[in-house]
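Labels run A, B, C, D, E, F, G, H, I, J, K and L following the written order; every chain starts at residue 1.
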Amino acid sequence: MGKVYKTITLVGTSTKGYEDAINSAIEEAAKTLKGMAWFEVKEMRGGIKDNKVAEYQAIITVGFLLISE
Amino acid sequence: MGKVYKTITLVGTSTKGYEDAINSAIEEAAKTLKGMAWFEVKEMRGGIKDNKVAEYQAIITVGFLLISE
Amino acid sequence: MGKVYKTITLVGTSTKGYEDAINSAIEEAAKTLKGMAWFEVKEMRGGIKDNKVAEYQAIITVGFLLISE
Amino acid sequence: MGKVYKTITLVGTSTKGYEDAINSAIEEAAKTLKGMAWFEVKEMRGGIKDNKVAEYQAIITVGFLLISE
Amino acid sequence: MGKVYKTITLVGTSTKGYEDAINSAIEEAAKTLKGMAWFEVKEMRGGIKDNKVAEYQAIITVGFLLISE
Amino acid sequence: MGKVYKTITLVGTSTKGYEDAINSAIEEAAKTLKGMAWFEVKEMRGGIKDNKVAEYQAIITVGFLLISE
Amino acid sequence: MGKVYKTITLVGTSTKGYEDAINSAIEEAAKTLKGMAWFEVKEMRGGIKDNKVAEYQAIITVGFLLISE
Amino acid sequence: MGKVYKTITLVGTSTKGYEDAINSAIEEAAKTLKGMAWFEVKEMRGGIKDNKVAEYQAIITVGFLLISE
Amino acid sequence: MGKVYKTITLVGTSTKGYEDAINSAIEEAAKTLKGMAWFEVKEMRGGIKDNKVAEYQAIITVGFLLISE
Amino acid sequence: MGKVYKTITLVGTSTKGYEDAINSAIEEAAKTLKGMAWFEVKEMRGGIKDNKVAEYQAIITVGFLLISE
Amino acid sequence: MGKVYKTITLVGTSTKGYEDAINSAIEEAAKTLKGMAWFEVKEMRGGIKDNKVAEYQAIITVGFLLISE
Amino acid sequence: MGKVYKTITLVGTSTKGYEDAINSAIEEAAKTLKGMAWFEVKEMRGGIKDNKVAEYQAIITVGFLLISE
């Protein structure tokens, strides 16, 4: 049987930019997931406060290998 | 590090309508999830029996805060 | 309350073809999931090595009944 | 040979709401079709008159079993 | 019950242009349909022969009122 | 010269449902716009608080006739 | 006037695979249609029973020449 | 700070064709806007009366330079 | 009646990057708008001159609260 | 082995209209390509100068037979 | 500088099925390209003759490493 | 005859971010292409290694003027 991967969808946030928002999401996911192999950016949004960007939000899917015992 | 959210995809069903189908899905998710913050309707479908709508089906994504200990 | 389903996204791989890649993903998911009812093919990709298809990759969503106790 | 279904596209209208617009379409289709099994909502639009919603319009596809004699 | 419309999909062709291709499709449909109310252009394609456009193809959906007796 | 319409994008919100959210948006738009003729639902989202739908959000475009003096 | 084609949407099913599901749909359509010229695969889905693919479902559109007498 | 543009969405109509419908929309917009730089066709629709195209409708977005004083 | 928001579409440009292009657009919008709450990135493009990126262009929608007096 | 085609993406421009823009692109491509068989319109845009359409732009893909020696 | 890949779009055809159509396209491309690494299926279509599938057509993009000397 | 442009699709990669990945792709393309005028970001992906982003990947199309002699 071929390898099987699962993808989950995360929303990373950052006050600095989209790369940092992506890293936040992956860093958080790393606490419970092993074998992450790739990600895809699905949406880029953000929050505005006092007429300025308050938060960048990157909606990403992360793919990781399913390892059954 | 910025806050990180996860989204999952649910299909709520109802004999009454789409708002009720959405509520079913969120009520069920509430049994195991905390920190749900928003949802998005991705698809609206339904089943037909005896020439009548038998079931409304709302495919939604639900976003919730990831809280790592 | 109406029935509620959840969908997850899997990537099945195979050296034979897309139907086999789909079966790999569902077979793997069956190790931890019960009540799988349907799937949808979202993307079809593949890897190439030495000028030949080395792997078919089927990205699918799988829907299953949520059963709360 | 496996079962074969056909889908047609209908636009149901209602002054009450989208569920009612969907029911209108299916009720009308039931006059000439048998074996309707599911529907999908493709678009939701509406007409406005005198600054108020005058009509909800649900564009749906309806699937039904093809029965050849 | 609100009015119900049906839409069908046609491909009109023309050597002159897309408006003419659309008119071809509607003219042909008019032989069997009554109550056509609107159309939407879904795709625009064409055939090439001898390095020149040989045919414009307009894929359109046409909506018409369903009148049950 | 043919008639010209403009469309704007609004987000109506409601604690009751999507039809009510749409009506909120159109009622608000009516304070400054004349000649609204149609709307299209582009997205349906919502907010969740305390494990329940707190708000339905309908993102719609509204079309109205441009009348130049 | 240029040639005019119509397209219809069918769902073919098979326990073997997608090519077989497509053939089922076209074979069934051939009982009432003449002049079929092309098809397009729009969606690929399937049913799952007992943790295995029970049915492949190919949603296709089929184009055929409209011949008016 | 880099230049900033705004885009608005217009629906131009014409009995002649899509290019004319686009021109109608831009001509009307020119009465109140300066600095229009580009447009994009988003949708092409039309009205049918007496089995003939009664009106071509081009939904376009128009981009123009925002000039703050 | 629930709160109502409006969204507009802006194109911010920058020689530095997309975050800067987004900020340009929001900074410019802030000169005439109050109550901006969120943005969404719809497209990312750019201009090239002398074989180098000359300008990053971020097409965004900005949502703000409609406040009627 | 079955026939193999390649598609390339071109942007034709014209001051007259979209059919003319398409023809420009195909005429230019004909200088270096043989065996062009079909095209598809992917986007329609345009430039505006002095409040008038200055240029129609048709983004098309063109398919041609790959002939290996 | 990071690695750079190029993708091209091919249409493979086969009388047997989609996997075979994909292989045809890649086999043909291999005559002039080196370093092919992945492919993505973009569309699946086919030709019909005498009420049967006459040809499967797989529209794929193929990615390969750009190697500059 | 109007100007004609061609677009090609490239995947730029970088360990730093998306702007850098875009620049890599354009820098590489500049070795063989003249007259590049614009680019569009189509997809943003990335590779993950050891629970960290190992590579940003920007899939872009690049448009350049076709100059026939």
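Just so we're on the same page, a contact is a pair of C-beta atoms (placed from the backbone, for glycine too) under 8 Å apart; a residue touches a chain by one contact, two chains touch by 3 or more.
Small disclaimer: the values here were computed from a predicted structure and weren't measured.
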Query raised in the report: So which pair out of G-K, A-C or F-I basically repeats E-J, with more than half the contacts the same?
Result: G-K
**Report entry** Classification of the chain G:chain K interface as same or different, half of numbers criterion
**Finding:** different
Query - Inter-centroid spacing, chain L versus chain B (mean Cα positions, whole Å) - result: 38
Query raised in the report: At what distance in angstrom does the C-alpha mean of chain H lie from that of chain F?
Result: 21
Report summary line: Averaging C-alpha coordinates per chain, one finds the centres of chain B and chain J separated by a number of Å equal to 44
Query raised in the report: Once you find the CA centre of chain A and the CA centre of chain K, what distance in Å lies between them?
Result: 31
Report summary line: Residues of chain G that touch at least two other chains are 8, 17-18, 27
Query - Partner chain G, residues of chain C touching it in the complex - result: 17-19, 22-23, 26-27, 30, 36-41, 62
Query raised in the report: Touching chain L in the complex: which residues of chain K?
Result: 1-8, 61, 63, 66, 68
Report summary line: chain E partner, complex, touching residues on chain H are 17-18, 43-48, 51-53, 56
Query raised in the report: Which of the residues in chain D end up touching chain E in this complex?
Result: 8-15, 20-21, 24-25, 27-29, 31-32, 55, 59
